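As written, the chain order gives the labels A, B and C, with residue 1 at the start of each chain.
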Amino acid sequence: MNYHWNWRVFWEPAPNGTGTYLDMLLSGLVLTIETAICAWIIALIFGAVIGVLRTLPSKTGSWIGFAYVEFFRNMPLLVQLFLWFFVLPEILPHSWGLWMKQMSNAPFYTAAIGIGLFMSARVAEQTRAGITSLPRGQKLAATALGLTTAQTYRYVLLPMTFRIMLPPLTSEFLSTIKNTSVAITIGLIELTAETRAMQEFSFQVFEAFTAATVLYLLVNIVVVIAMRFVERGLAIPGYITGK
Amino acid sequence: MKRLRIMGLVLAAACCAAQADAEELTGTLRKVKETGVITIGYRDSSIPFSYLDDNQKPIGFAIDICLKIMDAVKKELKLDKLTVEFNPVTSSTRIPLLANGTIDMECGSTTNNPDRLKQVAFTNTHFLTATRFVSKKSSKLNSIEDLRGKSVASTSGTTNIRQLTEANAARNLGINIIPAKEHAESFLMVETDRAVAAVLDDILLASFAAGSKDPDAYVISTDAFSKPEPYGIMLRKDDPAFKKVADDATAALYQSPEGQMLYDKWFMQKIPPKGLNLNVPIGAELKKAFAKPSDSPDPDSYKTM
Amino acid sequence: MFANFDFDVIRRSLSYLFLDGMTFTLTLTGLATFGGIVFGTLIALMRLSGYWLLGRIDGLYVDLMRSLPLVLVIFWFYFLVPYIGQWLTGSSRPVRVGAFASSLVTFTLFEAAYFAEIMRAGIQSISKGQPAAAQALGLSYSQTMRYVVLPQAFRNMLPVLLTQTIVLFQDTSLVYVLSIPDFLGAASKVAQRDGRLVEMYLFAAVVYFAISCVASFGVRRLQARIAFVH
């Protein structure tokens, strides 16, 4: 195997003047986390709304929800990102398209929105599953007490749903973090992209990828442990909320 | 793991079957003799060195040179039949794929420089080119200073993006560098106004501008990021036998009239797929490099007096 | 907005897109699914075998594959597989693997982790009475697995397995990062060569959507039928 190992490459200065190669990777990691969090917030908001929409008694609402979920689930994430990044600016009026293309950090916003909407379909499904798993009695009792539909959801159904949903939501959040790597294709310089750049400048393929693997694993472990604390705090007695 | 083992054993059987009489051949020559196959790494869009024509077949100046090397290998190993396989590479995958044996030589637009010589070897230089940028005439960008604070595209894994990155840091230009996967993508960024300029080797920029929908809209800067640097066919490091075959074949080609004809075919005549004529007469430095073939990475060694 | 829409570029490249690109995608999906399920079942069996060490190793494998982004794994294997081949066959140089073989290895091993979890749930959902009865009949462990447990587990999990296959189908588009010519890669090449991003990417989106939609509709019908039988 004629590959020259060099583990000290991490402390060598990177050509982009920002410090060592390790700094390059860490700045990529920061961008990964930022994108993941923004995407996750979008996913939670839209996902919850659509999930609720699907469980509402109204036929149109449930149909809109169904169409939304099917739309975002049946296209690969990569294709969706391409549509947002490459196609949308071209079909909008010229000046808007130009503004979109020349925005600094365009990849970041596109990635956050694209990944966020993609994940929102899955959050919607989880929300729907969560709501429908609640005993029917809850909704009936709320109606008997004179609460409107909106109030039923706000005070009775949703709080329970979110607490039950925490474990699947954790794994969706981890999925979001992993999906940020797909944004390398639209120019987001997150962790995987920085790893590639490091590989290209320093020719140390395996060192670079090992570091990236370790960093992703670390992020995973941190998120899992943090969520375990949250789950324990919010666990509902009598429900199986953990694995 | 069981699956992999079985796969591995099948592979081993296949390899052993062809191992009839490998003499003291080493490296790539040994591999070619044993398997009867030589793999050429080609580029998608390095016009006119290595690119895909309308039928998605790899063609180009460097591809033709590599086919000559292949003929020499066939003669050297006294083989009746030598199969050529083509494997696509990008700027950022070419070196790892050469090292891990997926390709045996990379035929494209790869710059020969001391940094890369630590990982790979190059045969005799087939072109000289400097790093410049292309932009739309309407953007009125003349010098590298004009790129300050703007979005500039370049291809990942190239010397161009590295020179751009270093210039950006050294001169504090605050350029937003957009890395693209392939040369065509870099140029497309300028075409679609996503970037104001693309930084690549000037010959590639000339090809893209000439082949675009509106060639007159583009201008290539006179300002350069580097001196004219040599292109070479990339080979694996520490493989002197194969390098000698390649060096001899390329030297023979460049010094013969066939070399000049090959150059004219790709630079002075119409080339597929759109019948474009780049009209780039052979420069004095390249003429010298053809008369006295050299695989030196030093740009200064190619200067004519 | 759509005044300039060039349907012709789609028509001209149809053969390349489908004969080269889609064939690659579908072949990769099919083979990786098969390999992934076989390998995943093996892993699940190892985890449930009761040997602590086997269980831990497989647990680590599954956790590792599930924590890493697929893009990173694709890069890893693309550069690594020839060296693994060299180690496996004991040859003097890295084994040459093409893009398809490397992608196949990547997706088989990656998706195996997900299939393993599905099969593990499937096997665990079989009532204890089944293997107990098999043992009473004198069947060995492997015979029990082969004739009693696995067929039932497989059948129970079929909808989930097929859904994961659809996910795999969509994931294959990620080989784009290495310029490997799957369906999306082919569409992208045509788009960049002819400058027709909008047409090609919209077309690719429609095709992926159509195939996934039909497939998931099929899975839902299948699920209804299986549920009825139970």
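We adopt the following convention: a residue touches a chain if its C-beta (ideal position, glycine included) is under 8 Å from a C-beta of that chain, and two chains touch if they have at least 3 such contacts.
As the structure is a prediction and not an experimental result, all values here were calculated from the model.
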Review point. From subunit A, which chain is the farthest off, judged by mean CA positions?
Key: B
Check your understanding: Is the number of contacting C-beta pairs greater for B-C or for A-C?
Key -> A-C
Exercise for review: Point out which chain occupies the most central position, where each centre is the mean of Cα atoms.
Suggested key: C
Practice item. Compute the distance, rounded to whole Å, between the mean C-alpha positions of subunit A and subunit B. Key: 39
Check your understanding: In angstrom, rounded to a whole number, how far apart do the mean CA points of subunit B and subunit C lie?
Key -> 35
Practice item. Could you tell me the distance, in whole angstrom, between the mean C-alpha positions of subunit A and subunit C? Key: 22
Review point. By residue number and range, which residues of subunit C touch two or more other chains?
Key: 79-80, 83, 86, 94, 177, 197
Practice item. Give me the residues of subunit B that touch two or more other chains. Key: 96, 99, 181, 192
Check your understanding: subunit A: which residues touch two or more other chains?
Key -> 3, 90, 185, 196, 205
Revision key, fill the gap. Interface with subunit A, subunit C side, in the complex: residues 1-2, 64, 67-72, 75-76, 79-80, 83, 86, 94, 170-171, 173-174, 176-177, 184, 197-198, 201-202, 204-205, 208-209, 212-213, 216
Revision key, fill the gap. Residue positions on subunit B within touch of subunit C in the complex are 2-5, 7-9, 11-12, 15, 27, 31, 35, 39, 44-45, 52, 56, 87-88, 90, 93, 96-97, 99-102, 181-182, 184-185, 188, 191-192, 212-213
Check your understanding: Can you list the residues on subunit B that touch subunit A in the complex?
Key -> 91-92, 95-96, 99, 116, 118-119, 151, 156-157, 162, 165-166, 168-170, 176, 178-181, 192-194, 236-238
**Study point:** subunit B partner contacts - residues on subunit A that touch it in the complex
**Key:** 2-4, 15-18, 90, 98, 101-102, 104, 106, 185, 187, 189, 193, 196-197, 199-201, 203, 205
**Study point:** Footprint of subunit C on subunit A - complex, ascending
**Key:** 1, 3, 70-71, 73-80, 82-83, 86-87, 90-92, 174, 177-182, 184-185, 192, 195-196, 205-206, 209, 212-213, 216-217, 220
